[in-house]
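Let me begin by handing over the structure; questions about it come next.
To keep things simple, chains are lettered A, B, C and D as they appear, and every chain counts its residues starting from 1.
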Amino acid sequence: MNHIHEECGVFGIYSPKQADLASDCYYALFALQHRGQESAGITVNERGRLRTHKDAGLVEDVFTKDVMEYLGKGNMAVGHVRYGTAGINPVQNAQPIVVNHCKGLMSLAHNGSLTNASELREELELNGSIFHMTSDSEIIAHVIIRERLKCGSIEAAVSKAMDRLDGAYSFVVMSSTKLIAARDPHGFHPMCIGTRPDGSIMFASETCALDAVGATFLRDVQPGEVVIVDKNGLRSDDSHVGKCDKSLCVFEYIYFARPDSVVDGSSVHMARQRAGSFLALEHPCNADVVIGVPDSGLDAAIGYAKTSGIPYGIGFIKNKYIGRTFIQPTQSDRENLVRIKLNPVSATVKGKRVVLVDDSIVRGTTCARIVRLLRDAGATEVHMRSSAPPFLYPCYFGTDVDSQENLVAWNRTVEEVRDIIGVDSLGYLSCENAHKLAENTAGFCTACFDGNYPCTPPKTPDKTRFERGVDE
Amino acid sequence: MNHIHEECGVFGIYSPKQADLASDCYYALFALQHRGQESAGITVNERGRLRTHKDAGLVEDVFTKDVMEYLGKGNMAVGHVRYGTAGINPVQNAQPIVVNHCKGLMSLAHNGSLTNASELREELELNGSIFHMTSDSEIIAHVIIRERLKCGSIEAAVSKAMDRLDGAYSFVVMSSTKLIAARDPHGFHPMCIGTRPDGSIMFASETCALDAVGATFLRDVQPGEVVIVDKNGLRSDDSHVGKCDKSLCVFEYIYFARPDSVVDGSSVHMARQRAGSFLALEHPCNADVVIGVPDSGLDAAIGYAKTSGIPYGIGFIKNKYIGRTFIQPTQSDRENLVRIKLNPVSATVKGKRVVLVDDSIVRGTTCARIVRLLRDAGATEVHMRSSAPPFLYPCYFGTDVDSQENLVAWNRTVEEVRDIIGVDSLGYLSCENAHKLAENTAGFCTACFDGNYPCTPPKTPDKTRFERGVDE
Amino acid sequence: MNHIHEECGVFGIYSPKQADLASDCYYALFALQHRGQESAGITVNERGRLRTHKDAGLVEDVFTKDVMEYLGKGNMAVGHVRYGTAGINPVQNAQPIVVNHCKGLMSLAHNGSLTNASELREELELNGSIFHMTSDSEIIAHVIIRERLKCGSIEAAVSKAMDRLDGAYSFVVMSSTKLIAARDPHGFHPMCIGTRPDGSIMFASETCALDAVGATFLRDVQPGEVVIVDKNGLRSDDSHVGKCDKSLCVFEYIYFARPDSVVDGSSVHMARQRAGSFLALEHPCNADVVIGVPDSGLDAAIGYAKTSGIPYGIGFIKNKYIGRTFIQPTQSDRENLVRIKLNPVSATVKGKRVVLVDDSIVRGTTCARIVRLLRDAGATEVHMRSSAPPFLYPCYFGTDVDSQENLVAWNRTVEEVRDIIGVDSLGYLSCENAHKLAENTAGFCTACFDGNYPCTPPKTPDKTRFERGVDE
Amino acid sequence: MNHIHEECGVFGIYSPKQADLASDCYYALFALQHRGQESAGITVNERGRLRTHKDAGLVEDVFTKDVMEYLGKGNMAVGHVRYGTAGINPVQNAQPIVVNHCKGLMSLAHNGSLTNASELREELELNGSIFHMTSDSEIIAHVIIRERLKCGSIEAAVSKAMDRLDGAYSFVVMSSTKLIAARDPHGFHPMCIGTRPDGSIMFASETCALDAVGATFLRDVQPGEVVIVDKNGLRSDDSHVGKCDKSLCVFEYIYFARPDSVVDGSSVHMARQRAGSFLALEHPCNADVVIGVPDSGLDAAIGYAKTSGIPYGIGFIKNKYIGRTFIQPTQSDRENLVRIKLNPVSATVKGKRVVLVDDSIVRGTTCARIVRLLRDAGATEVHMRSSAPPFLYPCYFGTDVDSQENLVAWNRTVEEVRDIIGVDSLGYLSCENAHKLAENTAGFCTACFDGNYPCTPPKTPDKTRFERGVDE
């Protein structure tokens, strides 16, 4: 647990004619793989008949040629990648969630976390619902289906369901004939719309997925908006829009989203460069070279270098061949692990005063090892700059900020953290500047840094609640 | 589709102390593997906390050392093997079904088929239930859970649920603290109880699973009985016992069950020998040697040989190395496939008049190829004897008798079938004698042979009903 | 190590036109799989260009669809299955051995063991040869190639090579244009010739491989014979024929060969039945039923039953689902392992005096467990009959008879062995009758039973000689 | 075939005491993985007994926990990674090559290509040698072994063998008691020596492998040098040193070696930066941003930016999740493939004049696609700079420069190539400056650029010579 993780990536596509949409999902999910590496899934809708394949593993492992052939052609499709804690059978929580109800089919792919999940689930269970997953996404499916029994259409059911859901959610729902995207009124996580010359319309967590399928960015789904696509084209239900202040997760810019994505109108790469520039202004430094920790610190390092005038250099080579089955060194050699993954370029740092930029500091252990590598390679000074403020508070909106006792910044001064990670100076981006990262966007959730929660935290925040048994 | 298949094997174990019950399930499921080869699953209950692993594949493939370690020790466990049609993701229907309800945990493993599944499912869906599988077993889980909301105990909920379930079911349910077995009032499929010197109590589809775990047969679960095991020991709810006439599936004796099992008090091996003896009496024949088709025809062949006085011989060698990944010969060589799997022993049949005994004849194609092999090997005459009557009617109780147009006996005289399979004479066991197969048991369902259904067939018998979508 | 193992199975095919000979090899190797389960390999010769695939594993695992496609069509092919001791990289010794020499291509598949391997290998090494395997087969390849440098043809080289090879060998060699089979002058192991209506000619270790590819048995390769097939048809070099007395391994009849094979003119199944008949005459017994240990004891059990007049019964059900990845029970449960693989049929043995027939007794441990199972199942007496004499001496001709200290019969009386395996009486086939097993064959090697070696044993019999290093 | 490939990476380690050298090899091979991805192998020497595992695949796939356990501890070890053309059974050419000769054990790992391979192989074959591989490395093993029969020691045999080997070779040989490194007199490919505080001594193709095992760089192996390590420590045979002019492959600096390696005294990263600086001087340009093609063009792009004063930017995001099993888009979508792997960052290039730096241009197709991506992303001008001169001539020394008809620069002017790849201007590094890339090194082979071969090219340059058959 060396970093904060996003919990999901979502993609949906509607085509006016039967086409190989499974391949579109496949390439889009590759582009979204950084948002979740635990499981992946695709549902293809061929004239109202759904075929789904989902499993634990990376997109490339889950979707073999045989599977792609099975999924076949269709006129709509939904895809999902999921991050989650390890387990022997993570397939249980894989998405899309497919519901084969007598009132209609549904496939759901969701990103986010509800704050009233426990209350909703208990209420549903007492009315006869049975849950098979430990994720919130299944609760959303149940709420929609129960509304569907009372509503005339699936989009009406989605809109009614939103009255009952609190917290963060960006999801795509596919029925027999419609593809629907919804984003919570706070707009915690991104969702955008794209189009392609062949008439296809897509929803995606990030624009990089649109690029991957040759589509053009149309616009973002607004916080609170429900967007429907069917044979009559694109239309919107904005009855929940404007109900809350926008509070997009600022860590989407700092780390989660891919640098080549544009989120709510602002380039992620530029936001990171701006973080570096702010850092250069907030925490200047006499040094000879600015380097970033690959890959997450590189953009901000360039920003720091530009604003400070200190030259940018390549400080580390990352071993790109280390995959899933890499054998971890034995305990005594664990110190070497960082070096195997990340080797310093002596030519860049030897005899130099180095500014080291990374996106954030969580537990501090990896950071301390990286600093030691630089000193071993001959760096005379190491000045650490973090393009995120210190992590201090839990997140309830779909990311996995560690518990406070594991956060190196919790209950410690900057000087204490500086000494723990062994640097000559340490500077964090200020919360104030974190709110200014994006050129064209305003309204961020920075609760993990300052504790200002945009909506009420859950009463029972224990995430493992749904895994525990209950005594009879 | 060369044979009739059973749809499941079930096992449950209760131990007074924490023990390696996952291993017991593993060995028991090996013994029951003949009842289902599509998927396998085990749930272990460690002090009210359930750990489950289930997947497509044979027991040996699904349960690796890592999985067994994950399952760990416990004081109760449930296991299941399932037969089903192929598909890219058969894992969807794997059992046990685990329900993590706020009123209590439940793991369910089921063998059988409901005749009112469609009606129950629609009613449940209109009350908000969502189904993820296409099997009847999930319906049973929902009915029990809905009763559980109204009842004071899980055993009461099971008993109430049985009022709503029509058709064939033998299932094991595990709650936080109790292990419960139930068998439908007709007793379509077997379920027995075993004990072990260490105080463990088991439920199993067949006694061979008890042997595999070193247990002793105690008694059969009666048709309609609910048997409960918990820290207070074994007790029984017989409120549904005697409600119907017993109608055990006769094909359990003829083919499904393993010859070393004892079902409802009668040895399966002896029942098959008796089938052979009846055949010798009903359809005598002048011949030099009696051989059986391995493995299912061997027991009856011995019976035929004993009663007729014609010597028994080994007629075929079965290739035991042909497994899951065997590459089927190309179409033009398909004729050779039977020979690769089953080679005649010329020394036994050359120049001989041969009586060939098999358990049954379904489509007749494999049978015809086997007969051709014998003639090629030098048999001068081949007299076929089937220890089942001709298949003529569909089964709605948990086996997969083919549709009538595929059954070779449908709309054909015995002479016509004889000519199709190319034998000199053909004799089937009579329905009358089928009812006398077991020494100590009476009351059989022989509906697939005579059309006498012990309970009302389903209104919508289409098995793929739950896989289809519904237009919005 | 519960049984004696054969070390190889060999197949070769010549076709007058390009054909799918890889498939023929595939099905033939399936039929020969019982002769070796460690590795498998096929070489296809397409107009003088060889394509080979060989790997550790069963035929079915080694040859996937992709591999079969790669092998493609050809006009000659050679296949091999190998038994060997376990190891992390058994692929090293997989065959066929392919040699791409500037004087010509060669693919070699061999069954047997040389008695002068050490001497030959050292001589070759001192003349510059390098060896990559630990098997004798590579030595044969080197000897042939060195002769080839001096001879005008590959068949002349094979014949010259035979002057240098001592011990047991049956091999097939394929050059660019010829397919050649050779069998040592003692004829230790079988090799036969088959033909097919399409003009193909095959060599195989056993006739069951001919059956598997739709071929007809033509004749056996004689001890000492070299048989050549090429575009000019079949011809023979008999210059080594008759040099020695024939000494076919008698254990080919008792256990190695498949019962449906005919070896050197005699049916294997009949030979085993005769073994049972001899046993009934040598060691009669008052009993109620005769059963065989599946699968190797069944044929002899029928012979015992027929000659003694005691009824034959099915005593055990063998679990056919236990494969390569079966998880062995923990040490404490090891006793159960035999029961999981082999469950007694109580209906057959309960309250009965049982004659138990198996092909042989090696260490006695498995035998003792099987006897215990029978007694647990209610057998009142167990009389063991072995259709092989006691193992007492090492084999140097291609099988792996255990070292003497592990052989239960070594240094023990029949009564002592009887007590160890826990039976009421024990009878072995006599060596004298072992020599009479086959109807039409004479001249057996029974050295493992009586120590009469047909040719000089190796000076350095250590089989691991070639795996050890040598100090510089 | 979009790039030039190195053919191997080599590692050897000697430890004064038994240690987990397999793990050292594992981590070293990870660091050398970029030098070969086809197969990997390790031999461990435990007191004169060798254990080897090698197979097709990446280091991580070949070495599982079970394999590492099998390899175990030892006092010497050798490792190898290999690049090669695809094939169904690339395991055939995997190294190290292990020879278990009666005069001594040997394990050999080799990088390079002989120019007299055909002559040597034919001569050896006519003296009785048999070859199993198609690689030159086996020839080296045979030459050493044949010399060993005449020499008193393995190191003398290596030195004598070098008299017979022409071309490029850097290899490590391990005997029972000695570890020996040799480098051809031209020094085509690198080889360095490292030491560790625990007394271990290592040979490696690159210094990054020393870093990965916590070792310190001692010195490079000189062209023509033989270095021996045994219990008496490190010693050198320099009888071949200085026989030729040094001609290190210049492409080691431009592309093959890892940027964090130091080759023959010069930093690879700095050499690439210098290439960028030379390009800025040779081919200046009016532009707004300098970007590199990840990962191979990044170092040179920084050099270009520094010298030109044009800002450096991040132009592309490379998808790091695309692995071995990625499903290639269908032909019609192939255009998208580059985009899926490499997405431009619009924020960096939109409305900008872009300098695009890559290490080299081979066929030009990938390059053209990358340029199109930049234009689609809004770049107004694209100026391509290649830090290698144009490829024009075949390489015979261990790399796989494509055949001339596939090289875009062959028979074309710079302007023609510029138009093919669709850029506004195109500039290559000059051959003259290529010779000045390294600070501390002189003497390069630039034959692929200028046709000046440091030694005679092979008479029969056909690389597939050893795969073909020979008619009898």
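Observations, loosely collected:
Keep this in mind: a residue touches a chain if its C-beta (ideal position, glycine included) is under 8 Å from a C-beta of that chain, and two chains touch if they have at least 3 such contacts.
All figures in this text were calculated on a predicted structure; none of them were measured in a lab.
Distance between chain B and chain C, defined via averaged C-alpha coordinates, is recorded as 37 Å. Inter-chain centre distance (chain A to chain B, centres taken as mean C-alpha positions): 47 Å.
Not a single residue in chain B touches at least two other chains. Interchain contacts close the chains into one ring where each touches exactly two others, per the touch definition above. The full set of touching chain pairs reads A-B, A-D, B-C, C-D. In the complex of the two chains, the chain A residues touching chain D come out as 20, 23, 26-27, 30-31, 33-34, 37, 58-61, 63-65, 68, 208, 211-214, 258-260, 262, 267, 269-270, 295, 298-299, 302, 306, 311-314, 316-317, 319-327, 329-330, 333, 336, 339-340, 343-348. Every residue of chain B that touches chain A in the complex is listed here, in rising order: 48-50, 52-53, 66-67, 70, 88-89, 91, 98-105, 121-122, 124-132, 134, 141-142, 145-146, 149, 153-154, 175-178, 466-472.
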